[in-house]
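Across the two complexes that follow, chain A remains constant while its partner is chain B and subsequently chain C.
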Partner chain A sequence: MKDSLVLLARVPAHPDSRCWFLAWNPAGTLLASCGGDRRVRIWGTEGDSWICKSVLSEGHQRTVRKVAWSPCGNYLASASFDATTCIWKKNQDDFECVTTLEGHENEVKSVAWAPSGNLLATCSRDKSVWVWEVDEEDEYECVSVLNSHTQDVKHVVWHPSQELLASASYDDTVKLYREEEDDWVCYATLEGHESTVWSLAFDPSGQRLASCSDDRTVRIWRQYLPNNEQGVACSGSDPSWKCICTLSGFHSRTIYDVAW
Partner chain B sequence: MASPFSGVLQLTDLDDFIGPSQDCIKPMKVDKRSGSGVAKIHIEDDGSYFQVTQDGGTRKLEKAKISLDDCLACSGCVTSAETVLITQQSHEELRKVIDANKTAAPGQQRLVVVSVSPQSRASLAAQFGLNPTDTARKLTAFFKKIGVHYVFDTSFSRNFSLLESQREFVQRFRGQADSQQALPVLASACPGWICYAEKTHGSFLIPYLSTVRSPQQVMGSLVKDFFAQQQHLTPDRIYHVTVMPCYDKKLEASRPDFFSQDYQTRDVDCVVTTGEVFKLLEEEGVSLSELEPAPLDSLCSSVSAQEPSSHRGGGSGGYLEHVFQHAARELFGIHVDEITYRPLRNKDFQEVTLEKEGQIVLHFAAAYGFRNIQNLVQKLKRGRCPYHYVEVMACPAGCLNGGGQLKAPNTPGKELLQRVETLYSMVRTEAPEDAPGIQELYRCWLQGEGSERAGRLLHTSYHAVEKASSSLGIRW
Partner chain C sequence: MPGKQGQGRAGRAAMAGSQDVFDAIVMADERFHGEGYQEGYEEGSSLGIIEGRRHGTLHGAKIGSEIGCYQGFAFAWRCLLHSCATEKDSKKMKALESLIGMIQKFPYDDPTYDKLHEDLDRIRGKFKQTFHVCLLFSAGNVPVTRLCWETPQGATEIQTTAAHPPRDPHRLAAHTTFTPPPPGQTVPQGPRLVQTQRCRSQKG
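And now, the complex of A and B:
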């Protein structure tokens, strides 16, 4: 399989510092990168070469750890070790910081937009997961502060079609959250990994969740709805998630990320 | 060399991935002496540390201590044992004092006073299936049985908190032209909120906070100043315990502002939660319902109510309602009978407005719970806060749902809370200015409303917590 990947370009993205993350915009035309130089860079093609179309500076005081495009592609969120998350609005080739989400006590590790486009989740070393809501006037408000994890939360991801949020943590667990009345609650904890869970990914159908960990395994979890035919027990009206597969022995070290 | 501190204080990681932001907030004063800097540290068998200088001289080193006084519930705890600090201020301490009284010489005994909050009483009422009056009387009986001398109700001191809050708001509203930070007035009875405000947004938020003392601390003033004088005792001879629905009140009682340097005594010596009172009852093998009720005590000899009284406006004190009604009357000549709440994004965030001739003249809100506090503070920071007054509480659903309230294993939380709320609102309410004894105390004890004494005994101040300027600040 390795022979079928061809290197197209090598781009020095963040001078003298680490490049922490990359994200394609929904249209697949732009690539956002972020890094230890506290900047976000937007890359696009011009003919055969990759050029830097924008540099988003003045947003953060420390490393930018993750960037995420909104489903519509007009906004970019950047999560930083400076404990804030900036929301940038795209105006052709320019990006303007429309607001800064504050509140986390320390490093923000991940940010994710819900498919609906008006909810955002952030997570931090302060062990919490925050859910934010944005209105038509680009005003962001905190909807919920979830303190279920007992350690640093590394990653948050939304389900592709349901209003369901998942988080991965240094406490070796994956937690799932949903809305209940006017608040968000953790309704399931997926245990099994023997070390930090670094990342999560739902498959496009939303039926399966993949998690990867410092324990060098990838686990696949599957959703079972109440009254499912496999006879998997569910508590009340909440679906149950069970580990259906553990992939081990393929990596000799920590697995940091996973994607379907 | 064994260090008395946890590894957290010593983390000096240069990698900005894991920042050394778990700094202990307590500044350690180091006496710098001139001269050669080299010294050895020698540990004695008893664990004390001695510094041995090159010329052989020894100096005993002081152990840096973290006590509850320093505890601001920050995330940089050196001891990582806030729970240890908090349990030092528990029902066991109350027991110790009562037991000490039994063996002490008459002149050495301490007068033990317990002030019970109406929220704790409502929680106990729910637990034992009693009405509020019986609960109050039986609790009085219980405490006296174990050696407490007087049992009071913080609803009494709450009258002062409410009246002062009303006066303060009207003053600040009228003084808007003179100060940019006159409004909004943010209620300050909740110590969880105050700790957060001082620690996270200190210098920004403090100007907006109400300076009125909480009912717990007004009771502290009443017991250690007024009552002490009445009993011909110095304040340190009284041991004042309060029964509260949360643990944060323990932090409030430990604030240096509520410590008398003159008498080396705290206004409130010990705070026990509702849960801790329940433990006490269990340890004594007493069921509250089986006790014979005792008559209620009151601070003022002229008052002899045999039924508790309360205030309207919800289970967290009623600050919004009392300030709103008073302001409507004083500032706009409008008499408000019923207050209509409009829920906003969630049930812990509600607003109230007063309209005059089609214009909104008063815009108040109640914001409970961390997420709503966040949103309120962010609005304030952006200059987008439309409110004149906000009743801020750290706990969702307010004080009746405090972290120290009783839980029932077989009853779902929501149902139990409903029951506690119903029992709380069963108590008849009265306007604070009409409560028996209040006017008299303003006259005799405080020498008038707005007097210097009233300012000193019924108000307090706040202090921003200094943070390390950069989270990369490494202290070598």
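And now, the complex of A and C:
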């Protein structure tokens, strides 16, 4: 049968606790998982079976909520409810914690690497989004603390080709940020969802943004540049994002994640 | 006949007079209600103004104190970094100047400024970023001063978080963990210089 999913393996990953997130490395050879047991596990194939190649412990004091691989695949960021984000460096089969990013006041909900590999974004229940810059010496510097949301920020994601950051929040909005005169600013707020926006995903071309929400809908937003042929109004030279589609009636409960 | 007419006119006048007399009694309830409402409204308004003024003064003082803290921090660090010339220090200076600029541009005398809370949030964000950049990347050049905040609860200093002893060379944060006083709670006392110690990265 074409295009059907076949279960390859069932792996008990995080003993007696929730597994909160999974992330494939860019090469597609390793799978990182994280969970309520405060550990990150790296899984790989050995022949036909999946085995745990590495356990990253001693990194966090509380649940690890999300893991994200850097675009080069050499680093893994782990965001935890202990308000910190650990950066792990891959050394063949071993991972070493090279730095811990502190600053958030409470649970870090999401972490994301920019496609360029030089920028990292984290967001937290403290309603803020932090943007970090990493230099060649693996030093992480906080370049901006954005307090635009009025509630818990659930998810951050970078645009695939522009230096543009998007965040989703319990305040029912999606906010977009970009760098203006050496500082990051929120330049657009996408309203429309009637409840918490749980996740966001840009399509590979970067022209559309999908958002999913507690209101059981998925919305698709599109970017319109100034002087676009569809006649969508833009203020000055800023692109404008409009909701072009709302998918409802497909899920009977909260939609927690979305991917193209 | 004149007599009859006269009687009619006098009779009508007498009736009009008695209407006025009864008016005061019949309308007494409504009249007192109106007067009472008026008095109450005036008293309520003046009490409300007093309470509002007190509330505004307190709230304004909290904001002023919070921003004053940030400004003091920025001025102190600007002095400390005055003579340093490394690239890291110039990044710190840029952040400090940006923070100072934001604080100076804030319209302190206009409580009806429509972007008041937005600008305040931006200042808070800038302060956190500047704090991070100044204190966490001071390895080597400038003596890292251990700043302690008096917590709203009392005089205890916020020291290193015992739960997070430094585990790796880059964990300077353990010495300088800062929890900003949440806005809305008691007025922060500001940074007290406790001691000076040189914190060096344990790299290499």
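By our rule, the second predicted complex is superposed on the first by the 257 of 260 C-alpha atoms of A that agree within 3 Å, B and C clash if a C-alpha of one lies under 4 Å from a C-alpha of the other, contacts with A are read in each partner's own complex, and residues count from 1 in each chain.
Here is the rule we go by: a residue touches a chain if its C-beta (ideal position, glycine included) is under 8 Å from a C-beta of that chain, and two chains touch if they have at least 3 such contacts.
On a predicted model such as this, the values are computed, not experimentally measured, just so you know.
In this overlay on chain A, chain B clashes with chain C. Of the two partner chains placed around the shared chain by superposition, neither chain B nor chain C is touched by A:94. By the touch criterion stated above, A:58 is placed in contact with chain C alone, chain B being left untouched. Legend: residue contacts after superposition of the two complexes on their common chain; A:106 is shown touching chain B, with no touch to chain C. Contact with chain B, but none with chain C, is seen for A:81 once the two complexes are overlaid on the shared chain.
In the superposition on chain A, A:148 makes contact with chain C only, while chain B stays out of contact range.
When both complexes are overlaid on chain A, the residue A:183 reaches chain B and chain C alike.
Of the two partner chains placed by the overlay, neither chain B nor chain C lies in contact with A:257. Mapped onto the common chain A, chain B and chain C collide along 81-89, the only clashing stretch among 9-17, 81-89, 261-269 or 423-431.
Shared interface residues of chain A, touching chain B in one complex and chain C in the other, are 102-103, 105, 141-145, 182-183.
The residues of chain B lying in touch with chain A in their complex are 16-19, 21, 75, 345-347, 370-371, 374-375, 378, 471. By the touch criterion stated above, chain A contacts chain B in their complex at residues 36, 62-63, 81, 102-103, 105-107, 125-126, 133, 141-145, 182-183. Remark: chain C residues 91, 94, 98, 121-122, 124-126, 128-129, 132-133, 137, 163-164, 167-168, 170-171, 173, 177, 179-180 touch chain A in the complex. Listed in rising order, the residues of chain A touching chain C in the complex are 58, 61, 84, 97-100, 102-103, 105, 128, 130, 139, 141-148, 182-183.
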